[in-house]
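Multiple structures follow.
In what follows, chain A forms one complex with chain B and a second complex with chain C.
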Partner chain A sequence: MSSNDDYMLEVNDLLVYYENAIAINNVSLKCQKARITGVFGANSAGKSTLMHSISGLILDMKEKEMRKGGERITWYGEVKYNGKDIIDVKPSDRAGMGLVLSPERRQVFPESTAMENLKIGSYLATKEQTKKSLEFVFKLFPELVNMKKREAGFLSGGEQQMLAIARALMAQPKLLLLDEPLLGLAPSVESRLAQAIKDIKDETNITIMLSEQYARPVFPVIDYGYVMENGSIVLEGTSEELMNNPDVLGAYFGM
Partner chain B sequence: MGILIYGLINSLDLILMSIGFALAYGVSRVPNFAHGALFILGGYLTWLFLFRFNIPYLFSALLAVIITALIGAGLYRFIIIRVRGMPISEIIASFGVGLAILEFLRWTGLRGTTYMLPSFFRGGVYIFDIPVDFQRITIVLSGIAILVFIWLFTSYTKTGLALKAIAQNERAGLVLGIDSDRAAMIAVAIGAALAAIAGIIILPLGNIIVETGYEVLIFAIAVSVCGGLGSLKGAVLASFIIGYAQMLTVSYIAPHYHFVVAMLVIVIVLITRPSGLFGKQKELEERV
Partner chain C sequence: MQELRKERLDRGVKVRSESIYAISSLKEIMFIIGPGLLLAALLLILPLFVSSYWQGVLKITGVYVLLAIGFGFLANYVGLVSLGGALFVGVGGYLSGGLNYFFDLPMIVTIPIAAVGGALICTILLLPALPLRGVYFAIVTLVYPMALSRIIVATGAFRGTDGLPGLERFPVGIGPIYLIFIVILICLYLLSRLVNYEDFGLVLRGVKDNELSIKASALHLTWYKIQAVFIAAFMGCFAGAYLTHLYGWVGTSLLAQDFSILPVAAAVVGGPGTIFGPLVGAFILVPISEAMRDYGTLRIVFYAIILVIFVVFWTEGILDYLKRKYEQFEHWVEM
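Showing the complex of A and B:
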């Protein structure tokens, strides 16, 4: 194995409980620098909770639940980003460290125009970075150029997803987290977006971690993958290794 | 013609009274029920600085606005934050603070006609033979100026955009690096500052009395509910509807109905359009 320096993100023995129910059970995984890492699994496998633990949203959830006197959320283990444990860092501060999430179900700002969404995305960026990133996202998604003035809530699902990824790119990520970026999209849009995700990696060297329910459309673009079931990782390997595993084929490719 | 002009003045009066409330709710979903109290506090502090400390009018006003804004920030930072996400508790907590401020002022002797802010400029002009004094013209102009300012602020500054983002989707904002608690605190502080500004501009038309604080809160709620909670556009439109409706009843029916009209408008709007004129909560459903 290569040294630890090659890993941007390391999750070690992570356990997350919602009250007494276990959502993440002893998960360890790594994201290599400038590579795309995929996490696959069915609904309720723990993908979103994992993403929330890495992006930090789980801290926000915990606090909200505490104020309401609702579910107790607890976690144990480490989330190391560039060698530093960040498990107690606020999500907004993690974004400042370059850890940016494009949330599940897109979550664009519906009443703002597409352009305003991008401007909000560049909250932490300098003027020059904003200009460069704008050029890049419009090159990546030329569709967005004509949508600048449209309200994001009225865009189609595929357009909203492009906008959500573009918005995350505006925040100058070093590690980009994509939570189910292909959810509910048409097959042609799926492959278009998978290609865009690969382009992001190739052209910017941004490390990408994505979660997805169906592996097929993103499989060609990922470098390494993990398969989750009931909160645990059951399989891992390079894209070829997973592709040649009959269990994976059956469960996640429908073959 | 008189109705047209005074209706306009009344409408901008309502905009001034309610815009701070609508803004704080619109951008941070904090129902600041201490709004009326902050309105009176702004006026009272100005009076205090002006007559007790002999500070020039402009500086007294500025100081009062800044202090009220800080109180607004503190209100969020130390009180509302503990019950954040539970609207009923937020209402009770902020209303409690409002009550405390107003009744404290009453206890210190804020009643009667002693407390009066002078007009900014004396005199007035005739517009189409209708006499209008300069204070009311100030209300109209500053109302428009504040609307322009808010529009510029929320569409061109980073802080303004961040506030807008948090209002629409808190989590999506958080992962882009926007601290939602800080944003909400800024929103409430700006709302408080706007309340104080409104107080300073409107109060010279009468006395500074505690009851006005409760009235302002009711008008602010009326305008916000009618316009659709959280929508500034709606609040402006609702101000004009209620403003002219009040002016018409005052001129053609009886002056003391002017309060009833505001309530009646709420009832009618809630029956016909439950989410308000511009309430967007239900219209923009997520597309999958």
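Showing the complex of A and C:
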């Protein structure tokens, strides 16, 4: 039953070192097609490094550090996307394959307007796709409609986050990576965005993988979750299984 | 197959010499001061073993070394990208030359006055530009020497394009080389103490990283920048005064762009992580440039190529690389 086809993304025995410090220690995880997979963990658990390894940005970081003579980044293991090992594929090519990252801290282009941000996101898409995605994005985030002409740097945190997710959607993702999409947002905006993430999955069948520190707002929308600690996965399970685990309750729900 | 990974570790002697054990044995003491002593010894011995032509080259190299150290200090430790090498050399040169020409002061008086007074003048000139950062500050420092040179030509001040001839000259021999090399060594020693061990240096590095936090810490931002610019200008003005009495002549060529651009190249080649890096860069670039004198202005192309190679492929620079090898070792470990 569980053939490889069910899984969009498979990470097998991934090890990532920043110089001598181990950032990711033997992590294996899977993302089921058309489902939301969550990765939870405190600061320095390795969530962002995992996201960078999957999106390929780590290749860029490695090269930059190498030229600077800074810390060397080494990795071993497999990142399989649709059954194909992509660990050496450039990040831009990965985006072309439909593996799109909405980065941590939003990283919108502050001096471009919201509309321009979206257009930059749709660089790889055809005209038809762009039109369709724009409609979908504005339906998903009606707040952005009135902000089209506003420079992205002047948007509020919540609007910037919406814009970042929307921009990622414009790139026609098959697997959408959301790195801490609820970082620094008000509780009401958190639940608003969590609902939007669920809507994306329900309406477009895009596979979503998200990472978060504080689990409460996103727990209701995820299908399967992993809990990371110090670079390793310590717990995994469906949303209900994790919710009934007392350790998870204490650490990630503040109960 | 067992996967292997290269591990990089600090040498034992480095770890020990960072702590109180630094003074426990000669080995640790030598580890700390060894490179500095080696450099000093090299600089002091080198002039004895070169022909008189290359002695001349060493004097010019010394001038560029001072400028490069000043540039590296401002750029890497204070965050001010200054292209003011030509300004410093010009002001220092014209001040000492003018004092010697119009007031007949001997050079033992004019050089110190030019170094300190010129640094003051340069600092005051740059004062309005100090709130600027990055390329804006660079532009202002680049414009000053151009403007000064035009003013001198247009108004005929300091005898315009002819310059001031017949100034007092250094005696022939290796004495002048030692003068500038010793000044370089003193500047290096004081600067590296300043940036590595003094609170003042700590604040300067803070200025580079985050100006707002410096202000929020109730420190006077501009005052720290003034002091830093004064230090760099002092070295540049001394170099200018030295150059004046080396040639016995002052002219607008002291305001040439070479004095602004070459220090940048030297600092890039040498590496941004240390005070000593620009010195190494200048000692590589200036003699090479001298050896290529036959090719005329094509030298610039050569510089540009070196600069691009270092910026793109070896951002680390020579001295930072050597420093890493000196302090750390690598070995293979199993994953």
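Basically, the second predicted complex is superposed on the first by the 254 of 255 C-alpha atoms of A that agree within 3 Å, B and C clash if a C-alpha of one lies under 4 Å from a C-alpha of the other, contacts with A are read in each partner's own complex, and residues count from 1 in each chain.
By our rule, contacts are C-beta pairs under 8 Å (C-beta built on N, C-alpha and C of every residue); 3 or more make two chains touch, one makes a residue touch a chain.
None of the values given here were measured: they were computed from a predicted structure.
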**Asked** So if we stack both complexes on chain A, do chain B and chain C clash, or do they fit?
**Response** clash
**Prompt:** Between chain B (first) and chain C (second), which, if any, makes contact with A:Asn20: first, second, both or neither?
**Reply:** second
**Item:** chain A residues touched by each partner, larger count belonging to chain B or chain C
**Value:** B
**Request:** Look at A:Gly184 in the shared chain and tell me whether it touches chain B only, chain C only, both, or neither; answer first, second, both or neither.
**Result:** first
**Request:** Quick one: classify A:Arg67 as touching chain B (first), chain C (second), both or neither.
**Result:** both
**Prompt:** In the superposed arrangement, which partner chain does A:Tyr76 touch: chain B (first), chain C (second), both, or neither?
**Reply:** second
**Message:** Just to be sure I read the superposition right, which of the two partners does A:Pro246 touch: chain B = first, chain C = second, or both, or neither?
**Reply:** neither
**Prompt:** Can you tell which stretch of chain B collides with chain C among 55-63, 91-99, 127-135 or 145-153?
**Reply:** 91-99
**Request:** Would you please give the residues of chain A that touch chain B in one complex and also touch chain C in the other complex?
**Result:** 67-68
**Request:** State the interface residues of chain A toward chain B in the complex, per the touch definition above.
**Result:** 55-57, 60, 64, 67-68, 90-96, 100-101, 103, 105, 107-112, 116, 119-121, 123-124, 151, 153-157, 160, 167-168, 171, 183-184
**Prompt:** In their shared complex, at which residues does chain A touch chain C?
**Reply:** 15, 17, 19-20, 67-69, 72, 74, 76
**Message:** Which stretch or stretches of chain B touch chain A in the complex?
**Reply:** 82-86, 155, 158, 161-162, 164-165, 168-180, 280, 284, 286-288
**Request:** Spell out the part of chain C that touches chain A in their complex, as residue ranges.
**Result:** 3, 5-9, 312-316, 320-321, 324, 335
